[in-house]
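One chain, subunit A, links the two complexes that follow: it is found with subunit B in the first and with subunit C in the second.
Presenting the complex of A and B:
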């Protein structure tokens, strides 16, 4: 039994898990069966991935197939295993959660569909990470894209969902188009569809530049790097929550995986590659969090935070690339380890947040932050887990988001101190940008937590919100524990991460010792524990004082009013107003505010909304222009079946004559 | 044996012209069925006997000679059409174009870098001519049922080319191609029924309203 057997068994189990549900009349039994199979498969897969990370060995297998694209090679290495960890942990948790969130009894029309495609998506994600043949990779990529489309369009009776799904389908296929170009170019450079060994291709050729650009386009679209993120907010907001969790936690990471894997094939990359990736990362990070602040839809807000975190990951990759150019292995180690750890961290805390959001939506029936309020009293566990996720995503100790951002910070600073030249300017800009991202994220989550979970309920529905069922709370608890575990004991991950970086760039310097020498991970444990003790001590002190002294009862945030009403509370827009105004240049918020001229004005309404600016102000005008200009060309699309066949016919004859 | 195979291939090409020149749909279906049976016999003539080969032959004759024509005749009877009236291009014109395309196929095949074993045979020109005929039927005829016939002729052309490779071609690929065709015919039959029910006609040129 090798690790490969485990992973392949896990892939097969995930792919087949939903099939009984398609045929069983008893939908509930089908769902339970699928959940059990998928969870069991995930556990097997996790065991395999951990075995690879512990041993640090790479393995390859050749599967027999009769397609003319070279051998069908499947490979496992620590780099892929990091992503496999995310795939199996998140999809296993989400499958359990789905049993409570999307129960068969309440959704008899969709449950078999969503269960089947969920298994298929999990399998394709794992297959994608193990594929070592370009064609196999593209196959897994398309299965992933399509099964995600069907999951996303589960509630296709809603126009919003249909629109989001269509936008997703168009953009994902544009990305695939770029990947087709990329793999063709890669075949030109490497001589076959098999992935060449890490660091074996020369990055100085025009072909390599083509591969880099197409990879950035294709994988960037999937990862949601700005300005290619347009599909991401609506897709994440409109999918069922456990699907959003898997999409945000794992699916978009496949874009990162593809980019990292492609970059690993080259040696001596030019400086502009690293600077480009770093800059795109900064832009995605800052703009992503700025857009998030302006959102009123809980899941849409989380989706913009995914863009932000993808930006942070891209920054880490950029640092590693710059390190590779400069021959500075510490920089490579810190940047890439930070990026990979952030992949894992973002997968856990963002999935946790989406699952909490799902529990909130399940309980209240709305995603509007301004309709929520006071949930902490009605859903104590969910709000506690949400708090854990929120602190983690802000990059604060003692949770896991801090560790990965810390690695990237240390990488940035060591790069600034160490090297001269153009790289320093960008690295020096990146450090404050990362700090800005963290600060804005904290502001944003103070807003979400303050408005949705604290205060008093703003509507009847939220007043009757109930705590999530146990089967939903259990996966949330697991993810929260992982967040805390990685945050407190990052030293455990030092060797596996260094191993993954080593398989990204084979270099003797990539060891766990080098990583702990460059970044004091042990200190994080100590500081985290001290922080928890301090916070616990202060909390105990105040609880003691509350018990000892008489306390007057009152309403939260009454601002000195005698009879405060729920509507007097801060709203999401009012809380974010200052920051939204600051970033108005990129956000273009729509604000309708009443003009009050008389001393005693009548009733008036105020509304503000931050649209998907990139889509509305850049892509749509360009596409509309293209639509007008290309009207002549559309005559070819006339609906006459015979003439369509004639096109094929004429093309064939012309090709034959040309060949002749 | 191979000269007999060549004669059968000439027959196949003649059947192409029968399909091109006939306005009666029943005749066209029978012609395609006959073409299928002839093609089913061909492997026996050019390859040594094996069970694999026998299975392929029986499968092809059953599918192309019996099952598909039967399905098509059923569809024709249900939709109550007998003739392909007013095609886009007249029968004489299509016959002439068909003749030109067949000639072109011969010229083209002569220039192909073929294996010496296949050099003198009619397989490649017959295959190209049949494929082109299939395309011609597809582009010039109006009724959905004649379009199906066009697809069948097209597939027969591809099959002739495949005959050269029978030994190299795994049985799964053959079975897959045959299954594809059968499913295609099923779908077409269902669509034809629906089209005739919805639009009380099976004229595919009226489908332009569906283009957006």
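Presenting the complex of A and C:
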């Protein structure tokens, strides 16, 4: 039994998990069966991924197929195993959650569909990471894209959902188009569809530049890098929450995986590659979080944070690329380890947040933050888990988000110390930019947590929420524990991460020892424990004082006003107003504010909303223009199937003639 | 070992004294006698012995706010070197943890404020969130400059090696940096011209309005935590602005305490001779500080 057997078994189990549910009359039994198979498969897959990370050994298998694209090679290495870890942990957790969130008894019409495609999506994600043949990769990529489309459009009776799903389908295929170009170019460079060995291609050729640019476009679209993120907010907001969790936690990371894998094939990359990736990371990070602050839809807001975190990951990759160019292996190690750890971390805390958001929507029936409030009283566990996720995503100690950002920071700073020239200028700007991202993220999550979970309910409708059922709370608890575990004991991951960086760039310096020597992860444990002990000590003192002295209750002190009403509370929009104004230049918020001229103005309404500015102000005008100008071409597309088949035939004949 | 004990004693005992000195300086400017220097100590001790009032809307987050905030600030105080003496805990990258611990403290202060459901406290939290975001990059530009200047990635080395000699070599950069950091020091600690810790006009306050609902021991923790933050960030600033060192241990402690007292007097003077800025001017001032420190960075990198 090798690790590969485990992974392949896991992929098969995940793919097949939903099939019994398609045929069983008893929907509930079908769902339970699918969940059990998927969870079992995930555990097997996890065991396989961990075995690879522990041993650090790469394995490849060749599967027989009859397609003319070279051998169908499947490979496992620590780099892929990091992503497999995310795939299996998140899929397993979300599958369990779905049993409570999307129960078969309440959703008889959709449950078989959502269960089947969920399993298929999990399988395609894992297959994608193991594919070592360009064509196999693209097949897995398409299965992933399409099964995600069907999951996303589960509630297709709603117009918002249909719109989001269509936008997703169009953009994902644009990305695939770029990947077709990329793999063709890669075949030109490597000589076959098989992935060449890491570091074997020369990055100084025009072909390599073409591969880099198409990879950035194709994978960047999937990852949601600015300005290619336009599909992401509406897709994440409108999917069922456990699907959003899997999309945000794992699916968009496949864009990162593709980019990282493609970049691993080259040696001596030019400096502008690193600077480009780092700059795109900074732009995605800052703009992503700025857009998030303006949102008042809970899931849309979380979606924009995915863009921010993808930006942080890209910053880490940029640092590693710059290190590769400059021959500075510390930078490579810190940047790439930080990026990969952030992949894992973001998968855990973002999925956790989406699952909590799902519990809130389940309980209150709304995603509108401004209608919520006071949930901490009625949903104590969900709100505690959300708090863990919120602190983690802000990159605050002692949780896991801090550790990966710490690695990237130390990478940036060691680059600033050791290097000179153009690289150091970008690195030196990146550190304060990352600090700005952290500050804005904290502002945003204080807003969400404070407005939705604290205070008093803002509307009657949301006043009677209930705590989520146990089957939903258990996966949330697991993810919260992972957040705390990685945050307090990051040393455990040092060797696996260094192993993954080693398979990205085979270099003798990539060891766990080198990683901890460059960034002392042990100190994070010590300081985390010091912090927790201090907080515990102060809390004990506080509790002692509260017991010793009288404690009274009362209304909130509103500066002498004794009847504070729920509607008087600060809302998400009012909390964000100052920051939205500061960033109005990029956000272009829509504001309708009443003109109050008379001494006694009548009732008035104020509303503000931050739209998807990139889509509305950049892409749509261009596309509309193209639609007008290219009207002639549309005559070719008339909906008559037999003529379409004729097109294919003619094309084939032309190609045949051309080939001679 | 003695140094660690002195460090801990200073961290525990000295912060409220700074508040006392600032208040006394302001009193002198206003022609009053003012409260005794030790008044903040009495205030904190009295608050710790008092009963509490909790709003019925609050949850455990409201109670956890002051506790986590104080714990994070104390942890940060273990990372900062005082005077010429190394911090008790120092490692590569500790400056990032240092900055993020204040982030954690702020997160919980703001969450506790929103827990009351009061629009005043919501307003304070929104302002704090906005202004701290704008102050953050300045601190990191400063860290970049100090890292490049001293060739080190640990606060202890960065600050203890930042000797007076640097001022001769890179005076322009240090001057810009000092300007930027002083603005951030005042803004982060909610002093005039950014915020007025003594005002009773809730609409104009930032930090004080966030803690309106806290009472008794919890408010004592908040007062002490605020004093400690002033002490820690002040020590950071002092070692950039006035890096006087003798190399003789005990003398360096005395020099450190002396310069901290000078800083407190300087803050008192600024508070006495300046008015509060209009709220919309504060972001502009903070961006100006960022640009100052960005220029300092450019001078260092060239």
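FYI, the second predicted complex is superposed on the first by the 630 of 660 C-alpha atoms of A that agree within 3 Å, B and C clash if a C-alpha of one lies under 4 Å from a C-alpha of the other, contacts with A are read in each partner's own complex, and residues count from 1 in each chain.
Here, a residue touches a chain if its C-beta (ideal position, glycine included) is under 8 Å from a C-beta of that chain, and two chains touch if they have at least 3 such contacts.
All values reported here derive from a predicted model rather than from experimental measurement.
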Contacts of A:652 with subunit B and subunit C, given as first, second, both or neither: first
Which superposed partner A:564 touches (first subunit B, second subunit C, both, neither): second
Contacts of A:637 with subunit B and subunit C, given as first, second, both or neither: first
Subunit A: partner with more touched residues, subunit B or subunit C: C
First (subunit B), second (subunit C), both or neither touched by A:66: first
Partner chain in contact with A:530 - subunit B first, subunit C second, else both or neither: second
Residues on subunit A lying within both footprints (that of subunit B and that of subunit C): none
Residues of subunit A defined as touching subunit C within the complex: 373-374, 376-377, 387, 391, 394-397, 402, 405-406, 409-410, 413-414, 416-417, 424-425, 428, 431-436, 438-440, 442-443, 445-447, 449-451, 454-456, 518-520, 523-524, 526-527, 530-531, 534-535, 537-539, 541-542, 545-546, 549-559, 564, 566, 568-570, 574-579, 582
Subunit A residues touching subunit B - in the complex, by the definition given at the top: 66, 637-643, 645-646, 648-649, 652-653, 656-657, 660
Subunit A-facing residues of subunit C, complex: 48-64, 66-68, 70-72, 74-75, 78-79, 89, 91-94, 96-97, 99-101, 103-104, 106-107, 110-111, 113-123, 125-127, 129-130, 132-141, 143-144, 147-148, 151-153, 202, 212-213, 216-218, 221, 283, 290, 294, 297, 301
Complex contact set, residues of subunit B against subunit A: 88, 104, 107-108, 111, 128, 132, 135-136, 138-142, 147, 170, 172-173, 204-205, 207-211
